[in-house]
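Labels run A, B, C, D and E following the written order; every chain starts at residue 1.
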Amino acid sequence: MNELQLLTWARGPGLDIAVGIFVLGVLWRLIEIYTLGRKKDLAAPRRAAGASGLHTVFRRSLAPPGMLKRSPVSYIGGYTFHIGLAIIVFLGAPHILLISNLTGLSWPALPAQLIDLVAVVTMAAMLVMLFDRITKPAKRFLSTFEDWFTWTVTFLPVLTGWLAVQHLLLPYTTMLALHILSAEILLIVLPFTKLFHAFTLFGSRWYNGSANARKGVPV
Amino acid sequence: MATAQRIVVDPITRIEGHLRIEAETDADGRITQAYSAGTMVRGIEIILRGRDPRDAWAFAQRICGVCTLVHGIASVRSVEDALHRAIPGYSIPVNAELIRNLMIAAQYVHDHVMHFYHLHALDWVDVVSALKADPKATSTLAQSLSGYPRSSPGYFADVQKKVKTFVEQGQLGVFANAYWGHPAYKLPPEANLMALAHYLDALAWQRDVVKLHAIFGGKNPHPNFVVGGVPSAISVHTRGGGQATTALNMVGLQTVQNVITRMREFVDQVYVPDTLAIAGFYKDWAGRGEGLGNFLSFGDLPAKGFWDTDSYLIPRGVILGRDLSTIHPINLDADSEIQEFVSHSWYKYSQGDEHGLHPFKGETELNYTGPKPPYQHLDVEQKYSWMKSPRWQGRSMEVGPLARVLMLYASGNEQAKELVGMTLKTLDLPVDALFSTLGRTAARTLESKILADAMQGWFDQLMANIKAGDVRTFNDQHWDPSTWPTHMQGVGLMEAPRGGLSHWIVVDDGKISNYQAVVPSTWNAGPRDKLGQPGAYEAALQDNHVMHDPKQPIEILRTIHSFDPCIACAVHVTDPDGEELVQVRIK
Amino acid sequence: MSASLNKVTQTLKEVIDAPIASYFESCVHCGLCAEACLFYTETGDPKYTPIHKVEPLRRVYEQEYTLLGRLMKMVGLSKPITDDELEQWQELVYDSCTMCGRCSLVCPVGNDIVYMIRKFREGMAVSGHVPDGIRSATRRTVEIGGPMGLKWPAVANVLKHAEENTGLTIPVDKEGADYLVLLSSMEIVNYPEYIEALAKVFHKAGISFTLASDAFEATNAGIQIGASDIARVIVSRIVDAAERLKVKYVLSPECGHAYMAIRWEGPNLIGRPYGFKVVHVLELLDQLRQEGLLKMKDTFKDPLILHDPCQIVRRGGVLQAPDALIRQVAENYIPIADQQKWNWCCGGGGGASAIHTEEAEALRARAFGVKKRQIEAAGVGTVVTFCANCRITMEEALDHYEMNTKLIGLTELLAEHLED
Amino acid sequence: MTLDVIPIHVANQPPGEPGLSGNAPPLLREVAEQVRRLLESGEPSAIDLSALPLTSADLDWLQEKLGAGEIAVTLQAGGESTLDETACPGVWWVTHRNEQGAVTSQFIEVAFVPELVKAHPEDVAIGLETLAFMISDHQGDAD
Amino acid sequence: MQGPLIDTLARQGVSRRTFLKYCATLASMMALPPAAGRAMAEAMAAARRPSVIWLPFQECTGCTESFTRSHSPTLEGMIFDMISLDYQETLMAAAGHQAEEARHTAMRDNAGKYLLIVDGSIPLGVDGAYSCIGGRSNVDLLQEAAAGAAAVIAVGTCAAYGGIPKANPNPTGAVSVSDIVKDKPIVNIPGCPPIPVVMTGVLAHYLTFGSLPELDDKGRPKAFFGETIHDRCYRRPFYDQGKFAKTFDDEGARRGWCLFELGCKGPVTYNACATVKWNGGTSWPVESGHGCLGCSEPDFWDAGGFYKALSVPADPLGFTAAAAMVGAGAGVAGGFANRAKKSTAKKTHEPVTLDDLEVPK
């Protein structure tokens, strides 16, 4: 198996399997979770402005008052690397091409140099978050193997992608193959680890928001 | 005198691919039976199966690197034909057609010149005798034939000296161990020296004129194509800079013009005069080398679209029994017309080997029954070649320059009639002389002249289109396979330098489900069919060939080389399935 | 698996639903909920991280309600729930969690952790690992009538005093009254003034009200301990009385979890919506204020801050009323940073105040630190609040820190300055 | 520890005009030896001057000593070269220069005729061919 | 003093005396005795042109054609001055067993010193019967020729890595030269075909310096295969700015924008097309509007479609639909199991009593 065969496997069957397991996992877990259902709240609801499940889905992305001061690293680091990942994946030219090939949707891309810069910032933010998870008592206490594993699985695609475009460390063919493989591993593990919050956070925020909204409290 | 015996010539050199000729001669050396066998196969058709039809041209083109674009063009045409049959009105832009015509014609002229000088000439030109030539006399001979500037005594003396020192050093290289001094060489030393000088000039000339392919197709050999047109976008009219960034800018177009001019000069001043001069000394070869009498041409170089056969420069049709008065039409889809037989070929048809299959229903499964190498002789009663035997209405056919020139001549093309008339008059030979090795070789030259002249016309049209603002070179309407019907099939036809070429493609769900290529050298070099009818090579060798010395098979070489064989085309298009039994039934 | 453990798992299997599943799948272990929980911020001990408090619940969910979890269990790879683990968790789920709900408002992925604590307590209750204080309060509430073992005669006696002080009659078991007034034992015993204030206001507003001799107790230790069946028994008394007396409204007193129990958990406990409305006393007063029936003759001069009891404001939804009322009566009201739905808990809610072990009390004192800082930062001598439990807890803490801050109930304050 | 600690000192400034290294005079003896060998066995030889430690002053001294003979050959081949016979016949002073005129090498060649001056039979044969060619050309014009 | 070199120099206008003077000066500079100058001249003049044998196996003769297109050095220049091309089926005059004889004499005379050039892959199927010359299988011929070769130059991706005959499903069992010849230095010059001047350049390097050029891990000369096309492409700035041609004839294509989206494999291909260009530097595939096929990489025929960009799946996704079904199925199954478990838990619910609150004994 030489580099090109590895790359072709990654771009072919590898991607097929990864997307397959991803779709399978997402549907399976989503249905499994949300078919548990919840009992209807019989208490008389109270109306309040700006209080609804949907509001919470968006509002909860913002830092509640005072919290930003209490743990700026979590918030700023979190915003940076999430937004960074989104920019790289959805505004990087090669990725848009992949998306348009899979879904047919396409839109203009950002220049490659800008994406490189965003990648560096994203990696820096993730490293800060990692350091924070190691040093902050509450975070360290909570952390299980899954946290370190999911951090690595999310960090590798960005690192290998950046190294590939910069033609560093390994020849481009190999590094691109590693980049695609690491992204595929991310897709495969996502539905079965805490990365699934990418999907369930909407449900969670909505439940939280609507429960409190019934009591008239916009959270 | 030679006794009746069995001659084997393997490998046949100065051709493309691996050909083996076995011949039986009678007591006085006349060839009574001849067998031609292709001895190398790659199975590109199996490799093509299941792939994206838009990639097919790149694979098919690697069938042959000598006629290096014909299979590429036939392949893209087969996909375009399939799309045209499925989606009426589908066609490629005019500029793309003109560019393809220019590339095809350039391939013809380049290929024919290289064949004449580098592959065929050494059968007629005795290099050693050239060393005894008088440069001055050679110069007068050359200047009497044409105005070609490189004809001074000093020029010929220098060439002679270069070859003389080369020979005297004892390392003969490519000229080693040949048949110099064989009585069959009839040229005077001066003619040999002139031909030898032109052999070297042709090498330098060909290197320069392939730039046309480099500009339109990115490189030569194996220029690039794309289904739906040509990839070389014309950057002449872009606004806001960037005019000079693709090959087809003003510089590129001027280079193409220079190439066309250089091609026409070389053909007019060197190739045609040399052919006539050498032919003049070998008139006896007008009496042998054409046994079949049947000729087939698919026609090519369209003016108004691939599907408007009337606008073809070279007409499509069949000539039977050397009768130039009637041209029979070809029905491509009729099962009874074009068929491939495998009775003497190393294949196995699921329904038995005795009847032929139309290419759309073509399926080939390798069935090597030959001896385990190394072998001395093939059992010619059984199967003995990797090549199939294509037949038209059950008859063996010859394809190639002779077929095309006869078709042009018979269909009344003015330039063809004038050129053929001039040739026969200079050589003082009757029309029947065309049906021979000499006729075939002369036809190749005349054909080059016709095409070289036609190039200027296409180039002027292209420039006119660009001037009028139409720079379209590619139709991306149905580029995406999702817009294709689930099942479609098409045939891509073209006249390759070595003869009529046809690629038959069947596409299911956007993937190739069957791909057959019936190529010129299979028509010509194919073995016997079930009726025992010999192929064109075999019939040609059996037509009045007397071997002076079986050890030195120069007579065989002359006739075989006159077909300009391309065995890589012929053979690897048969697709041995090897062990796995993959049967594709066309529903 | 011992019988009780089996029952725990059974109970938890009943209560785990889609929200809990979604919350556990969303938690990214970011630790921000800890930053919002006073038990962590004041002690710095990571074990008080809210999401960690429901770890056993998570494991039950994983082992019972996910295919992979079940598979792991079958294969023996999963960690079962053990009795000593539950025993160890008692401190985390009761002593160090007042169910104030602040963590639920902060979690970036939207996990409603207090909802999970409430469900987990269902299992904890059944396991028996509950603090004695709450267990005995619950037993007393069920068997006697109230967490402090008050019976109706004692209550009637207090009412008599109140009638004497205010000169107003406090009707009992009067059918057809508008409001059925409920009282919490804390008020009856420690802050009888609340009853007098109430009578004055009702009289002033001309609203008919009554008490019910068989349903005077508002508190519901059942929901604090987390046993819904027991909570149903307790809340049904109020519902039956209210429906027997055909009242239009039931008035929930200045007590946090009481409002929570009767207003929000009640209908779900008994399994049907009420025939009557439940109103918190401040909602009523605010309504009267808006109708101009609550005029103040003078204002309270000293600077003060307002402590918004979690169960009423953040988790109860009574947001605007307290603010409007305090501005009406306090001249020098100083709003502080984390207030209303962002309020920091007094440290005693959710039954915690009833736990009188040494560690629990020390912990509560530590937890009070945040409130202490708020008071000192505002530089006030008076704190107004409207939950008896908060007042008890804060009084204990103020004594502990020897702070001479004055604590006043909001209704009581209003009553004092009410126009005659 | 440096070189000058070594007790032996070479007095590098010999008596006589400045710049002479004293190496030139012994060369005359060697040239004489080579001439004797040429006379006895006819075997030519050469001394590579640029390979010897001679200063330009030595070379001038040597050239002046050997004097000039009757023949001075200049060769145009990849720059100019001069092969001059010295006062004693058989001893030639050969100087090679490149296209830019810089001296690339100098030899004293002891031979009846320096190697380079001789014409090689091969070249003579080619010369013969061109001659024959000229003749036939001349013939052609004549008839 | 006569020999090929002198004739060569004579043809280039360098006279015998100039050559001798050059040798004398060279010897002097190398501090060799004058006699050494003459000896050197003798040796250099008489050098025999090294013998070269070109064996064609499963090939399309594209590499031979490409060889004839080289402009510096030219083919005729090489044949007359640099090498003695003793066996080349496309150019040699002899045929049949005379051709075989020519090869065997050359191999005998220059045993251990001749250079073996191979184009085309070697089939192993059916004991090599898929490709024979003179009745002998290619494997047999290769082993025989390689035995006496000083070095083997595998020309073209077929000889270097197996090429198109080895493309999936490799019906003839084709392998590359390095799969068979293990004991000889091999130089791979991949490409389909390789650039003309790259082939002659590597040959000239070996002949003039007598040593193999520095090779990379795939046996390719780093001089020509050290960098990727992408790194040297003149359209690279457009790649960086995100300016891509969407079709072969849109405004972007005419402006010469990057062809990444049309499947160009430049980034993963090591070759010199972008610098040396083709046919006398006239143009090269990308400059003429078509993406690079990646033809100098092993197994490029099976690297996903030529028109599929590197970031696009090599073949359409097959599992997604089925996976979705299975996923939904598992989800629903999980859901039913959960709801069943929950309802049984509810049904078997025993009301909690005060005693349950007591600490278990």
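Criterion: contacts are C-beta pairs under 8 Å (C-beta built on N, C-alpha and C of every residue); 3 or more make two chains touch, one makes a residue touch a chain.
This structure is a prediction, so every number in the text was calculated from the model and none was measured.
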Interchain contact steps from chain C to chain D (minimum; 1 if touching): 2
Where chain A and chain B overlap in contact partners, by chain label: E
Far-end chain from chain C, centres as C-alpha averages: D
Chain pair with the higher count of C-beta pairs in contact (B-E, A-E): B-E
Chain with minimal offset from the mean of all protein Cα atoms: E
Gap in Å, rounded to a whole number, between the CA centres of chain C and chain B: 96
Chain B-chain D separation of Cα centroids, rounded to whole Å: 65
Chain A and chain C, separation of their C-alpha mean positions in angstrom: 38
Whole-Å gap separating chain A and chain D, where each centre is the average of the chain's CA atoms: 86
Contacts with 2+ other chains: residues of chain A: 28-29, 32, 35-37
Multi-chain contact residues (two or more partners), chain E: 330, 334, 338, 342
Two or more partner chains touched - positions in chain D: none
Partner chain C, residues of chain E touching it in the complex: 330, 333-334, 337-338, 341-342, 345-346, 348-354, 356-360
Complex contact set, residues of chain E against chain D: 1-2, 6, 14-18, 20-22, 24-25, 28-29, 31, 33-34, 38
Chain A residues within the chain E interface of the complex: 2-5, 7-8, 11-12, 15-17, 19-21, 23-32, 35-37, 93-95, 97-98, 101-102, 108-113, 167, 171-173, 176
Residues of chain B defined as touching chain E within the complex: 8-18, 20, 39-44, 46-47, 51-52, 54-55, 58-59, 62-66, 68, 114, 118-119, 122, 127, 162, 165-166, 169, 171-179, 200, 203-204, 206-208, 210-211, 213-226, 228-235, 237-238, 241-242, 245-248, 252, 255, 366, 368, 370, 372-376, 471-474, 476, 479, 552-553, 557, 568, 572, 575-578, 580
Chain A-facing residues of chain C, complex: 16-23, 25-32, 34-36, 40-41, 44, 46-47, 49, 51-52, 65-68, 104-112, 115, 263-268, 271-274, 277, 314-317, 319, 337-338, 341-342
